[in-house]
Each structure stands twice: as C-alpha cells, then as structure tokens.
Amino acid sequence: MALDKNGIAQRIAQEMQDGYYVNLGIGIPTLVANYIPQGISVEFQSENGILGMGPFPFEGEEDPDLINAGKQTITALPGAAFFDSAMSFGMIRGQHVHMTVLGAMEVAENGDIANWKIPGKMVKGMGGAMDLVASADNIIVAMMHTNRAGESKLLPECTLPLTGVGVVRKVVTDLAVMDVTPDGFKLLERAPGVSVEEIKNATAGRLIVEGDIPEMKL
Amino acid sequence: MALDKNGIAQRIAQEMQDGYYVNLGIGIPTLVANYIPQGISVEFQSENGILGMGPFPFEGEEDPDLINAGKQTITALPGAAFFDSAMSFGMIRGQHVHMTVLGAMEVAENGDIANWKIPGKMVKGMGGAMDLVASADNIIVAMMHTNRAGESKLLPECTLPLTGVGVVRKVVTDLAVMDVTPDGFKLLERAPGVSVEEIKNATAGRLIVEGDIPEMKL
Amino acid sequence: MINKVVANAEEGIAGVKDNMTFMLGGFGLSGIPENAISALQKIGIKGLTCISNNAGVDDFGLGLLLQGHQIKKMISSYVGENDEFERQMLSGELEVDLIPQGTLAERCRAAGAGIPAFFTPAGYGTEVAEGKEVRIFNGKPHILEHAFEADYAFVKAWKGDEAGNLIFKGTARNFNPLMAMAGKITVAEVEELVPAGELHPNEIHTPGIFVQRIFKGTNYEKRIEQRTVRQR
Amino acid sequence: MINKVVANAEEGIAGVKDNMTFMLGGFGLSGIPENAISALQKIGIKGLTCISNNAGVDDFGLGLLLQGHQIKKMISSYVGENDEFERQMLSGELEVDLIPQGTLAERCRAAGAGIPAFFTPAGYGTEVAEGKEVRIFNGKPHILEHAFEADYAFVKAWKGDEAGNLIFKGTARNFNPLMAMAGKITVAEVEELVPAGELHPNEIHTPGIFVQRIFKGTNYEKRIEQRTVRQR
C-alpha cells in the first residue's frame, strides 16, 4: 500500500545521521522532524535565521519574533542560535547544513528539480529553494510519485522551469525510495505491498531495477 | 617654522566634520585624536574590530582583549561596538568610514601612495592599508615633506611598490597642506613662517601655486 | 558618540522621493519596519522600487504601499499571500524581480561591504541565471551576482541606542542587519531606544556606523502570519 | 543538541598531519588559540601552511611553531615583531604570502559561506593584483579574489557551550568568527565552557554549526603586545 505523507516523512527520517544539521522545507518535509530515529542528535536549521529549532509553542506562548521559514510560530531549543539571513545562507551555501529535504513538482532522472513555478499560474517565488538545492550534497526530495492527474513526477527531463540542475541525490515518494545516479533513478526500496511493476508504471524517467528490491522498513 | 608631528596632527584634525567616522593609522595619524575640534562629534574606528575607541586605559585597567590596530591597549567609549574583521573591512570598503589618515613613504602627484614595502628590506606587510586607501573617498596622508636624507616624498611618481593607485585626496606635511588634483599637488596652505619657495624646493612632484597661499591656522 | 536620534517616523523618512529604491527589512511579517511603512503610506510617494524578501499581506506590511499603488517594482524571493499583489502583477501594473533568498541577502551585504560582485552556485541552470556570467569553481558552476543599490534602507530592531547601535530579537533579525549596511541612508526603528552606553558593545548586531537615523517606533502590531501551537 | 565537547587541546587537534593548511584566529596576540598552538608545537608536525593575520612574537603565538620550523608558509597581512620569522624568511626557509587584511578576512568568510570568489578594490594597481583579473564596477577597478581552503581552523572564544556556540570578547573577536566558518574542521577553545542553553541565542557570534570540536582551554597567558596607559 502506498505510503501517506507521514510514511514518506518517516522513511526520510531514516536518512538522518548523528550530528546532522538538517533543513526541512514546507509540507511533507516538515513532518520529518516528528520521526528522528532514537539515539541520534540532529539539529534543525530554518533559513530565516535559527539553528536549534524546537516544536511549536504552547498556546499563548507564540512570539511574533520567533518563526520558521514557513512563517509558523516556533520555539528555540537549548543550544539554539539566531543569526541574519546572510549568515544563514552562508551555512547553506557553505555546505555546513548536511541534509535538505524539500518537495518538488518534478524531478528528472539526472537530478534536475522543478518546484517553484508553473507557467501561466501566479508565481510566488523560489524563496530559499535555489540556494538550498545548489549547495548541500545531500538533497532529498519528498513528494508523491504522481500528480493529481495521475502523471509521473519522475521524468526523463523536467518540463517546468528548473530550481536546480543535477542536484537531487535521493527521492522518497509514496511508492518508492530511489537514488539519482548517472544512469537514472535507481530503485532502492518499495513501499510496503507496492510492486516493482507499479513503481515502473508510475515512473516516466529511466528506472533502474537491479536484483531484489526490498520493502521499506518503517 | 616647519610643524612638528603634533602640528601636523592638529592641522589634520581640522579636516574632521561633525558625524565623521575616522580611521587613524599608526604614527602621526594616531595623534590626530588629541585635537578633535570642539563642538563636533566624531567616532574612531580601528580595523581590528571596534567603533567608538577611547583613550588608553588607566594603569592596571589594561585588557588584553581590548586593543587597537597598533596592538595598543585601549578603552571603549559609551556607544562603542565590537565586530569581526569581515564586518570591519565591510565598513571600510563600503565607505562607511568617512576619513582615513595614514602615513606614507611616498605620494605621487596623481594620488598614488607607497607606504608598505622597501625593496631589499624586511617586509612586514600592508596590514589593512591597501583596503583603507582603496575604499574611502577621503584619504589624507600625514607625513614629513622630505625623508631623512632630505629628499622629497612628494614625487612625480612613486618609486616604491604601491599601496594604492590614485587614492590620496590630501597631504598634510610639516611644511604644507596640499590637495591632490588631476593637475598635481595644489598648494592650499603653508606652515607658519614657511615660504612658498621652501615648499617648492621640497616638492619633487608638480606643485600648483595659485594666488596668495595663506598660512595654516592652528 | 555621534547621535542619530530623530523624533519619529516622519523625520526618519525625510528626503524620500518618488521613484527611489528602498530596502525594507523583515521576513514575512516578522521584523518589518512598521512605522516607516506607515509614514511612507501617509506621504503617498510613488514609483518605488522595493527590495524586500516578501511583500507583506493585503492589509499589513508592504501590502499597505501596494494598496496605494505606490510600488512600481518589487525585488523579492517570495511574494505569496497577497491578493492585491497578484492582481497588480497579473495586470502588469507591478514589475516583479524574483531572486533566490540567499542571493538576495548576499547582494544586500555586498552592497554594504563594498563588494561589487560575487559568485554563487544558487540559480545556476535556471532562469535566474539567464544573461549572467557563469564560471566553474572546484568543478561546480557558479553565476556572478552584483551588489544592490538602495537610496534608503528601513530596518526594524528590538533595541537601539543613540549612537545607532542595534540589537535584534530572535528570527526578527533576518535581512535587517544586511539592509542596514546597504542603504545610502539607513533608518532604524526600535522598540526600545536607550542612551549610548546601555547596550553592551559585545552584543551589538549592527554597529551604529551603518545607521543614519534612529527613532523609537510606536504601536507595534507585530502580526503573526501563521499561528501554530501545540497542545499542553 | 549536537555535542561538540572534547576533553582538551590534544583531542582538539586530533587528525592533524604534516603539510596541512590551518587557519588560526587572532589579531596580534589578542584572541589567539593558545592551547591549540601549544598542542601543535608538542606533536611537532611540519610543513604547515598557516593562514593567520599575524605571526606572533618570537616566544609566543605562532612564533612557537616558527621556532620549531613547523611552518612552511605563512599567509598573513602583517608579520612584524618577530626576529625568527625575519631570519627564516630572509634565508628562504619560510614562504610568505602577504595579503591585504580586509581581503584576508573576506576570503575566510567567503570560504565559510560558499562564495568561491568576489571582487574587491583593495590592492588594485599594486603587486597584490599581479596576475589577477581586473574589472571595473561603478567606474572603479576591482580585482577578483578567491576563497581560502583550510583543513583545520583553530579559534579562541571567550565563552562557548556544548553545542559549539561561541561568544567572543572585545577586539579578541577579530578573525575568529570568519575562520570558524571556514575550517573543514573547526576547533574552538574557550575560557568558559557552559551547558547548552546558558548562552542566550540572541548573543551568539558563531553558531555551533561551524564548530566541530570545542574544549575549555587552560593557563591562558593572554599576553599584551603594546601596553599603553594614561595617567590618572
């Protein structure tokens, strides 16, 4: 059975390693924070200027001067630090942030990503996404395998305006976990009960299937 | 009579205007701080990371964590701020520091300055001088008109390795005050009792003398 | 100590003219110069180019200047949550230049720090890179980006002193210190204005040299855009 | 919270090897990583390239590593006040690369901030500009300078916490925060090491993300180079 959003987040959380600084985008990526594996320490960076981001505040304790990049009220954990936007993106571009998880409209088999603009629709802007994807080595996309029209979001090449070129390392969808390799999407794991055939059918880009593909362990 | 070092400093102090942020180099420039005209507010920046530099500390109150660019122990005035070297030189390159006073070995009639290196002698380095002279519009050189051998330090062109190109705006020496203009050194003022002829004789670069040259008022 | 204090927002914005370029601090509605925006709205100058990470919402922040058709061009990284903005953009009234957020921040800092241009990997291969110089460093393509220029920067701090030194609070810091460095005239509004000497020189985020005018703001609304809470 | 604490300078410098490139914070003798320097002296690795604004004095700071002929190359802005330095430089034992101070600082920051190169006016027309690209911006010539690379950065802060967050004191801040950003491995030594949560997140100069190891230094001498006082 295909994963729900929380399942995708839970699987992505397994990619985190002890000592990682992580930037989570809006949407599914935000949920990843709920599934940090036990026994490891990670810290969350939000690009508007905080390291050591904590959970939402208790009601009545919201502080307009303490928000995340999604403009949500948050809290700061012990050991947190605030900083300006130049230093924040210095951390990002300088690859001090180890892992970035973000959503996408399309991912191409060469790692291109499109997630900020649909021609003909109101464009809201790329925010920090272009800086984020151009920087860290470990860019993970969290998204549904297909769009609402049932079309694959994993493509031979992106049709929408790009956010970054050849930057995505891994894609986790409701159906599968895939590495982006020079030869295309390499299937690593299937969602529980989802067949390789179903994943193939839902993947327009080149999918590499080698040997037995295990089910995700959640 | 030619000015002494304090006289030069005193004359340069007259160039300061209310609201100026000023960087003073080592040597004669340091003395300028003693002659701030009454009724104006200026603040001193030292490029190692302080704005609002105060006088030397009282004995016993020296703090190894509070020095100026000459590595001397100093104090901080109310309203002072500390910052890192990148921000410090951001202030300088970004022309937020209004006036820089520094010494020189040679100044050329086109505003070139040499003050960091003598071929064949141990080179200590340029420190912040190249950043300082390349940045502010208001670079004032404080120096003796001639060197110990009696040779002019105001030249048609510099013979020593340059610190900056076409950057000096004004030169104040023991003999004279001169603007650097597209046509050469323009004589503005004479030291008390020093004749135009004496200044001409001590100036190897092109000296422009127009009309009556007043004596400095100290 | 060089005293930068002016009486209020009206004195703070003195000298602004039609068609100028402004920087305005803030991320979303956090840390925005509310008082300066109100004053700019009141005097009704037009044709403005505004460099600001976001464009406010319909009835708050830069949305107020949009309502009055005072803005000709927005330079931002993200401009959602604003119906009037969308209407003016789609009708062609409003010009919009979208810039990656880190590049936006760095172009502000560069302007303040006398760095006319720098290379960044952000945006390479995207439409952001169109017409820009590309160069490979360490095997990775980068594009050349230039410092901004701004006639005024309007920033909002938590505390400030007479000398113009500023301390920001939490994530309301964001673009404010960078824009403070960059404005030809930087106008800071603060919640608390104290005499010189009351802020510890070690704790200052923006040294007063970058600030030409400072005033104590009034009636801060500090609106929250996305109020999110957890259960006790 | 990611804990960065190591026991002492020996653990701090673990992994250093001959011929590596180090950054060392400090201006003059103020804010120098005294403990790391001692530990490097003790293990006697050689062939080092040291990026540091100054080179210490004969018997203190980097002078200690010069005494042991551990340094192959110095990258600095000013290297006076050091006889052994002079001797090694004149004899050709020691290679010296002199760099304008602001460029030195900016090249450190650039390394930490993922900016591979930038333009600066400093040094144009001088020997510093030899072989470098020149470009005119706003009518003024600038030269292209590149980010440094450093295997380790050794920095000294006043206070630090377990998460690696640092606060510097006075003008001992200088190059330390920039080098902290730039080191592949950044080792911070502090006078006071406190649990996470004791430093206010608003007051932190170097966020812990830049620091891989932190330890409490011992026996700080904090020598004064030019003791200048006034009469009471």
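The first chain written gets the first letter, and so on, giving A, B, C and D; residue counts start at 1 in each chain.
We take it that a contact is a pair of C-beta atoms (placed from the backbone, for glycine too) under 8 Å apart; a residue touches a chain by one contact, two chains touch by 3 or more.
None of these values were measured; they are calculated from a predicted model.
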Co-neighbours of chain D and chain A - touch as defined | C
Name the chain pair with more contacting C-beta pairs, choosing from B-C and B-D.
-> B-D
From chain C, which chain is the farthest off, judged by mean CA positions?
-> B
CA centroid of chain A to CA centroid of chain B, Å = 55
Provide the C-alpha centroid distance between chain B and chain C, rounded to the nearest whole angstrom.
-> 36
If you average the CA atoms of chain A and of chain C, how many Å lie between those two points?
-> 28
Multi-partner residues of chain B (at least 2 other chains) | 50, 76, 82-83, 86, 89, 92-93, 135
Indicate the residues of chain D shared as contacts by at least two other chains.
-> 106, 109, 113-115, 120-121, 168-170, 201-202
Chain pairs in touch?
-> A-C, A-D, B-C, B-D, C-D
Which of the residues in chain A come into contact with chain C in the complex?
-> 46-50, 55-59, 61-74, 76, 82-86, 88-89, 92-93, 112, 122-131, 134-135, 161-166
Hey, which residues of chain D end up touching chain A in the complex?
-> 1-3, 109, 111-115, 161-163, 165, 181, 195-197, 201-202, 204, 207-210
Given the complex, residues on chain B that touch chain C span 18-19, 21, 41-43, 45, 50-52, 76-83, 86-87, 89-97, 135
Which of the residues in chain C end up touching chain D in this complex?
-> 106, 110, 113-121, 135, 137-138, 142, 146, 167-170, 201-203
Show which residues of chain D lie in contact with chain B when the two form their complex.
-> 27-31, 53, 76-80, 86, 89-90, 96, 98, 100-106, 108-109, 120-128, 158, 168-178, 205, 222-232
